[in-house]
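In the two complexes below, subunit A is the common chain; its partner is subunit B in one and subunit C in the other.
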Partner chain A sequence: MSVDQATVRRIAHLARIAVSEEEVPHLQQELNAILSFIEELSAVDVEGVEPMTSVVPMKMVWRKDAVTDHAGADVVVANAPDSEDGFFTVPKVVE
Partner chain B sequence: MNAPANASKLIKGATGDWEIVVGMEIHAQVSSHSKLFSGASTEFGGEPNSHVSLVDAAMPGMLPVINEECVKQAVRTGIGLKAQINHRSTFDRKNYFYPDLPQGYQISQYKSPIVGEGEVIVDVTASEQIVVGIERLHLEQDAGKSLHDQSPTESFVDLNRSGVALMEIVSKPDIRSAEEARAYVTKLRTILRYLGTCDGNMEQGSLRADVNVSVRRPGEPLGTRCEIKNVNSIRFIGQAVDVEARRQIGILEDGGKIDQETRLFDPARGETRSMRSKEEAHDYRYFPDPDLLPLEFDETFVEELARHLPELPDAKKARFMRDYGIASYDAGVLVMERASADFYEAVAKGRDAKAAANWVINELFGRLNKEGLDIASSPVGADQLGAIVDLISEGVISGKIAKDLFEIVWTEGGDPRALVETRGMKQVTDTGAIEAAVDAIIAANPDKVAQAQAKPTMLGWFVGQVMKETGGKANPQSVNELLKRKLGI
Partner chain C sequence: MTDVTRLTLAQARDALQAKTLSAVELTQAHLDAMAKARGLNAYVLETPDQALAMAAVSDARIASGTAGPLEGLPLGVKDLYATKGVHTQACSHILDGFKPDYESTVTSHLWRDGAVMLGKLNMDEFAMGSSNETSFFGPVASPWLPPHRDGAWAREALAGDKKGLLVPGGSSGGSASAVAAHLCLGATASDTGGSIRQPAAFTGTVGIKPTYGRCSRWGMVAFASSLDQAGPIARTVRDCAIMLRSMAGHDAKDATCIDAPVPDYEASIGRSIKGKKIGIPKEYRIEGMPAEIEKLWADGVAFLKAAGAEIVDISLPHTKTALPAYYIVAPAEASSNLARYDGVRYGLRVPGKDISAMYENTRRAGFGPEVRRRIMIGAYVLSAGYYDAYYVRAQKIRTLIKQDFEKAYAQGVDAILTPATPSAAFGIGEKGSTDPVEMYLNDVFTVTVNMAGLPGIAVPAGLSADGLPLGLQLIGRPFDEETLFSVASVIEESAGRVALPQPWW
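What follows is the complex of A and B.
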C-alpha cells in the first residue's frame, strides 16, 4: 500500500495541517516508508486472534452518575486566544 | 423494505406515481445528571461554559470515564425497542473540525453499537398500523453550541452541551409518507418518555432528527437519498419529507438526477437547501478510541434493568382495551403520555370505564388542548372528574348538566358533589314535580297536543319545554315516559 501526492494533500487538509507544495513529495516518501514498514506485519497470520484492546487484562472503569466536576467558565476559557462573556469567540463560521 | 407499495401513499407526478422512502436518525439526549464521559452537569441552560469540565473542553491529558447511568439508559431504551442488546460494544473516534467540537473528534460507536436491531409499532391512523425496523442504537457525545448572531465577525462558542450523552437511534428505510414519519417520531418519543431515558423535549433540542428521503417508482430499487439535518419538531419533520420528496420528483421528472448530499430544512420558506460545507466532510476517518476499553456487561445486568422497567405504551394500550373495554384508538390516545394514562386509570377505577374514557378524552383533553395546557397542569383533577362521572351514573345529574358542572369545576374548582347541592343542579327525579311541569305544558298548549297525537315526533318539542320549565334538571327518561303516557302516544 502506498499514497500518492493527492492523498497526502487530502490527509493534510482533513487534519488541518498546512503543507506547502514543496513539502508534499518529501511527506509522500516518508508516509510510504512508514506504510511499507507496517506492511511487514501483514505477513503474520492472525487468523482467529482477537484484536487487542489493552496491554493489561482489565475491564473498563464505570463512574456513578453524579455531578462532581465543573471547572468554571473563567478557567475553561483561560487559555483561549479570544473570549467574551464566558464564551469562546472564533472567526465567524456560518452555514 | 421491498414490500408492495401502498397505493394510497403514492405521490402523483406529472409522469406517473412515485413512492417516498424515508429512514431516520434520531438523536435523543440521555436523561442523566452528568455527562457521558465527565462529571459535569447536563442541566439545560446555565451561564455559558458553566457546565464544563476540563474533559469536555478537551484540555490536554484529560481522559474519559464512562457514566454507568448512561449505559443503563441505552440498554433500557434497547429493551423498549425490542432490540438486540450487545454485551460488548466499542467506542470509536469520528474525526472532524468545528469550533464547537474541542476534541477535534466525537466519541461515538461505529463498528459495534450497544444496541442492534429492533422494531417500533406505529399507529399511523385509527385504522392503520405499521412496523418500523430499528437498525441500531449507539451512544455518543453531543457537541457544544455555536451562536452566530452575537457579532458580525465572530461566532460565540458555549460548551455546556459538549459531552452530554446522546443515543443515536437509526431506523430502517421503512417509512413511506410524511404522516408515517410524524407518527414514528411521536411513538418513539412516547416510548423514550415512558422509559425515562430521554425527556423528549424538542424545543430544548433533547430530540432531533436527521431525515433521509429518497423517491422511486413503485417496486423499483431505492433511489439516491438526501439527508435533511437537524429537524427539530414533529410538524417540521412531516413538512421536510413532503417538500424534499417533491423537489426530488421535480428533478427526476425533468430528466435530472439526484446528488447524494446533506440539506437543511427552512421552515419559513418551506424548502430544503444544500449545506455545501458538508460535501467534503464525509471522510470521518473513524478509528477505535484508544482511551476507552470495550463496554462490557452480562445478561444479569440486562435482566435486572428489564425487571424494573415500567409498563410500556403498547402493553398499557392492550391492557386498557382488555380491562376497560375501550376502543383501540381511544386507548392509543390515552397512553400517548404516561401522565394521561395514569389520570385515566384514576378516573376509571371502580367506575364506568367507557364513560370515564369519554370524559377524559372528549371533555378534558379537548379543553386542555384548547387552552394549550398539559395534563399535569389540568385545573380539574382525577378525583373531581371521577365525582362528575359518579354523579351521572347515580342519576343525580344529567349529561347536559354534567357539562355545566365540568365548566364550573374547571374555572372555579371545588368538590363536584358539594357544588351540585349548593347550586341546585340536582336532577329532578321526583315524579311529582316533573308531572306538575308536564301537566302545565300540556294544559297551556292544546294545539300542540293535537299535533303531537297526529305526529309523535312532536314529542321532542314537549321534552324541550319541560326541560326548560325545570331548568334542565328533570330526568330526561322520566320526562319522556310521563309525556308519552299523558299524550297517549
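What follows is the complex of A and C.
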C-alpha cells in the first residue's frame, strides 16, 4: 500500500503536525519507503492467531481510588509555556 | 595515584568500601574527565554541584557504616529519565526547559542505594534512532577512532561537524559513549528495539535489556509502552549485574512492573554453565552477513562449548517479520504517547491563528524529522480502515514471534546466542539520509527480543578487521537474567576484555 499526497496531508493533520507544500513530496517518498518495508507482513499467515495484548502474563492490579498526587496547581503548571493563576492557558476555543 | 576513572564499577565500589578512595575524589575525577570530553557531546547537562554534594553524603555514609550497594559510585543518566528539578527532555526541542517535579522510579532506586548523579546523557530524540544523530542537542561521537584515522584528525572533526567520526549507536548513544570513554562508571539506558544492546555492541561495552516488567517505567519518557524497558550500560558484565539489581524492583506506580523479588545478579557471575543448553537460531544467519560477524558468532559458540555448554540448532521461523511488525507497533504507540506534546502543559509553544494551528505549529517545530515520520506512520496505521490490516495484524505476528521463543525454551534451551548487530559502528552522517529503512536495519537482531518481552544482553566478543568492537547477544527466558549474566561472563572471560580507547579527545 502506498500513500498519495492528499493522504500525506491528511495524516499530518491527524497527527497535528504542520507540513508545508514543499515538504509533501519528500515526506510521501519517505512514508512510502517505510510502508513498503512493512508491506511484507501481508504475506504472513495469521489465521486463527490471537493478537498480543500483554507480552508478559500478568494479573491486572487494583489500587485504592484515592488522591495520590497533590503537589498543588502551582507545581502542576510550573512547566507550562503559559499559565495564569494555576491554570493552563490556551488560545480561545469558543466564540 | 592512578586514574580512578579507569576502574570498573565493582573495583571502585571495593576501593570505596576499603576506604582507599573517597567518593568525592572519585566523583571529581569523573567531572574532570567530562570537562575534557565535551567535544564527544555525550552529556547534555553536567550536574557537578549535585554530584559533589551526593558524593559528600556518600562519604559520610561509608564512614558511618550505612553505605548502600552503590554508595558513592558516579553514574550518568539518560535524558529520558525524569530527574527532579533537573533538565529532562529526551533530547527533544519540544520539551524545552522541562524540569520535572518528580523522580523516575529507576533513578530513585539508584539514589536510594547511594549512587551519585554526574549529569544527563545525550540520546536520539525520544529514543527514536540507532546512531544518536536525531538528538536535538546534536550527534554524539564514539570514543573509538574511525579506521585509519588518528587523534589529530579526529580532534579536528570533533570541533567541526563530526562527519566521519563513528556513531556510538543509539538510542542510548550518550550512555554508551560516556561509559566507553570513562566519563562515568555506568549509565542508565533504555531499550525499545535495541537501544541498549546496539550501542553497547558498537562501543565495546556491556548492556542488558531485562525482561519487560522487571524495571518500572514510571518517570521514563514514553516511546512505545509495550516495548520500552530500562537497563544499564557498563564496562563489564559484573558492573551491569550490580546496576540492574538496584534499578529493578516492584513499583505500584507502573501496573506492568512485576512484584517479584530481585535476585542478587552479581552472584551469577562466574557460575558454571556446564550442561546449559544454548540455542543457535538459523534465521539469524542473514543474507549478506559480513564474514567477520559469522566468525564472531562461531567464536562465541566455541567459547561456550569449551565451558561445557551444549550447543543446539534451533529455529525461530518468524524472525524476519519482527522488524517490519515493530515498525507498526512502535510508531502506533509513539503516536499515541506523543500526543501529549501539545504546547499546553510543558515545553515549547509556537502560536497559531487558532488552537489547532498552535498544536500543529508547535509539533512541527518541536519534533525532529524522524520523530515526525514515526508519529505520522503511527497515525496512519491506527487510522480508520487500516487498523486491522496493520496494527491488529502486527499484534498477531507478535504472538507468533513469542511462540517461536516459547517453543525453543520448551525444548530445554536456556539461552540463545546471536550476533548483536549486523555490522560494526558506521560513520556519522553515513546512513539513513535518503532511506529511513537503512537505519532501521541496525536493529534486525535485537528487535525480536522486545517484541517477545524477553531479556537480552550484548557483550563484547571481538574486534572487526578494522579494529572496531563487535558484540554478541544472548537472549534468555522471561525473568531469567541470571543465566544471561552467567553465560555472558563466560564470553567476556573467554574473549578477553576489550581494550577501550585511550583519550584522544
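Criterion: the second predicted complex is superposed on the first by the 94 of 95 C-alpha atoms of A that agree within 3 Å, B and C clash if a C-alpha of one lies under 4 Å from a C-alpha of the other, contacts with A are read in each partner's own complex, and residues count from 1 in each chain.
Keep in mind that, in the parts below, a contact is a pair of C-beta atoms (placed from the backbone, for glycine too) under 8 Å apart; a residue touches a chain by one contact, two chains touch by 3 or more.
Quick caveat, the model's predicted, so the values are computed rather than measured.
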Report for A:91: first if it touches subunit B alone, second if subunit C alone, otherwise both or neither. both
Name the contact category of A:52: first (subunit B only), second (subunit C only), both, or neither. second
Is A:14 in contact with subunit B, with subunit C, with both, or with neither (first, second, both, neither)? both
Comparison of subunit B and subunit C by subunit A residues contacted: C
Check the residue A:44 against both partner chains and state whether it touches subunit B (first), subunit C (second), both, or neither. second
Which partner does A:31 contact after superposing on A: first (subunit B), second (subunit C), both, neither? second
Name the contact category of A:71: first (subunit B only), second (subunit C only), both, or neither. both
Could you list which residues of subunit A make contact with subunit B in one structure and with subunit C in the other? 14, 16, 53-54, 58, 60-61, 63, 71, 75, 82, 88, 90-93
What does subunit C use to touch subunit A in their complex? 97-101, 211-213, 226, 252, 255-256, 258, 318, 320-321, 324-325, 327-328, 335, 339, 342-349, 351-352, 354-361, 363-364, 367, 372-373, 375-380, 383, 389-390, 392-400, 402, 435-437, 440, 451-453, 478
Which part of subunit B faces subunit A closely enough to touch in the complex? 32-34, 38-41, 47-55, 57, 65-71, 90, 95, 97-99, 146-148, 150-159, 264, 275, 277, 283, 285, 288, 292-296
In their shared complex, subunit B is touched by residues of subunit A numbered 10, 14, 16, 53-54, 58-73, 75-77, 82, 84-95
Per the touch rule, the subunit A residues reaching subunit C in their complex are 1, 3, 7-8, 11-19, 27, 30-31, 33-35, 37-42, 44, 46, 49-56, 58, 60-61, 63, 71, 75, 78-82, 88, 90-93
